[in-house]
Amino acid sequence: MTETRIDIRYPDCDSMGIVHHAVYPIWYEMARMDLFHKSGCGYDITHALGLDPAMVHLELDYAAPVSFPGHVTVKTWVTQCEGKKLGFSYEVWSDGADLPCAKANSFHIWVKDGKSCDLERAYPDVFAGYRRMME
Amino acid sequence: MTETRIDIRYPDCDSMGIVHHAVYPIWYEMARMDLFHKSGCGYDITHALGLDPAMVHLELDYAAPVSFPGHVTVKTWVTQCEGKKLGFSYEVWSDGADLPCAKANSFHIWVKDGKSCDLERAYPDVFAGYRRMME
Amino acid sequence: MTETRIDIRYPDCDSMGIVHHAVYPIWYEMARMDLFHKSGCGYDITHALGLDPAMVHLELDYAAPVSFPGHVTVKTWVTQCEGKKLGFSYEVWSDGADLPCAKANSFHIWVKDGKSCDLERAYPDVFAGYRRMME
Amino acid sequence: MTETRIDIRYPDCDSMGIVHHAVYPIWYEMARMDLFHKSGCGYDITHALGLDPAMVHLELDYAAPVSFPGHVTVKTWVTQCEGKKLGFSYEVWSDGADLPCAKANSFHIWVKDGKSCDLERAYPDVFAGYRRMME
């Protein structure tokens, strides 16, 4: 599990003064890239190899709103790591809260040159790095 | 069903030259508000009443990328319209495509003054307007 | 002069319920690209040639706020069109207003492969198209 | 002078793989709010008083592009602090660079309840706090 601290930006909030629901996918992506980076297989490495974990499915739950100024902590878990597929689970926490204020699950397929790619076969070292994140 | 045409904006695209996945929730919101407007119960009316259809759950499927310049058509259906709850289904279509390039479902609860609100009881006329959208 | 109609998006507004000042550069870019397109030398053409009118200077004046729902009309003029440089002037108008609610000027240099490019020498036909926009 | 470190977000980059020019006003706002906060008169205080430093003029210079992943440091100076007006100067720096990659100036007027407000008269303590930032 990885924890990523994210500062809320003023324009992340909408007319109701709360963070707009379309901002959360950006936070989850930041958390996911932080997890990639901490696992030793960051965006730099996959990007140089022409590899992209393309988003295919995203489920978002919104429980309690958050506002500017402030920050949140996103907790991220790897839930699936197969040759062609990758899955993550996320929770957004405000300081001192008893429950997460939002949750999500995302599912990705590895794409290279516009085609699905089996990471385990094509790049076993990179795959092993991601696999270790599940432990 | 409502059809909403949306022009793709240049900064909607990311480094891969495709519309970033966090832009789609904005498109679905535009389509939802267009449906509200066309049904005669637009944002103006609910906002004046202090009513907000708060997003509680959003599921997004991404099938094929889209790019700038261009436009998409979002088709929107009301899938649920009860006193306290509202649900929508969406499809994103590119011109001439055989299949939608993305799909989504969203679920909302009516909120007024920070509390859940039964629209059917509190505002039967507004509720009747939304209810008609299901037919 | 080109006129471009732009629909205000709900998340374009900040906590004060007015369009955030960082959204205006996106509107000016949409208007600029619309002008390019209408002049016959749209993004498709310059992008295919590897040409980019890189933003080097942008001046923005904010006179009166605008809100969702609604739309604005951006009026755009070419103010400078030399071999290596391009300049534009913009006004944002609300319906029925006596004065523009915002104004801007932008200055660009033609860049190809990361280097400054003299459009008049390298692509005289494209240059002639832009030059005609000044008339 | 205040220094504010900002992490570049993946969707801040456009199709050219560089941070889009409309993102810089958001960075300058983050830096400005950080300066307010460090001076002891943060957004919380002015917001509670109904005060807003409304943006009236913004000048932006772009010298060299920046990309994801990475971060920048924004250096911010107060250049004007009168009863009704406030001005700032900004520089964006990449690590190890000899020159800033971008610069800006912003000008604001104090607004309360939709009208111009003389901060020095109405809130001398808050004004004194901002005034000290110039020293």
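We call the chains A, B, C and D, going by the order they appear; numbering starts again at 1 in every chain.
In the analysis below, a residue touches a chain if its C-beta (ideal position, glycine included) is under 8 Å from a C-beta of that chain, and two chains touch if they have at least 3 such contacts.
Just so it is clear, the structure is predicted and the values come from calculations on it, not from any experiment.
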Numbering shared by both copies at the subunit D-subunit A contact, with half separating same from different: same
Candidate from A-B, C-D or A-D with the same interface as B-C, over half of contact pairs in common: A-D
Rounded Å distance between subunit A and subunit B, as computed from the means of their C-alpha atoms: 24
Centroid distance [mean C-alpha coordinates] between subunit D and subunit A, Å: 29
Mean-CA-position distance for subunit D and subunit B (Å): 34
Interface hub residues of subunit B, defined as touching at least two other chains: 10-11, 22, 26, 29, 68
Contact set on subunit C toward subunit B in their complex: 9-11, 26, 29-30, 33, 37, 42-44, 68-69
In the complex with subunit B, residue positions of subunit D that touch it: 10-11, 13-15, 17, 20, 22, 68
Touching residues on subunit C, where the partner in the complex is subunit D: 16, 21-23, 25-26, 29, 52, 54-63
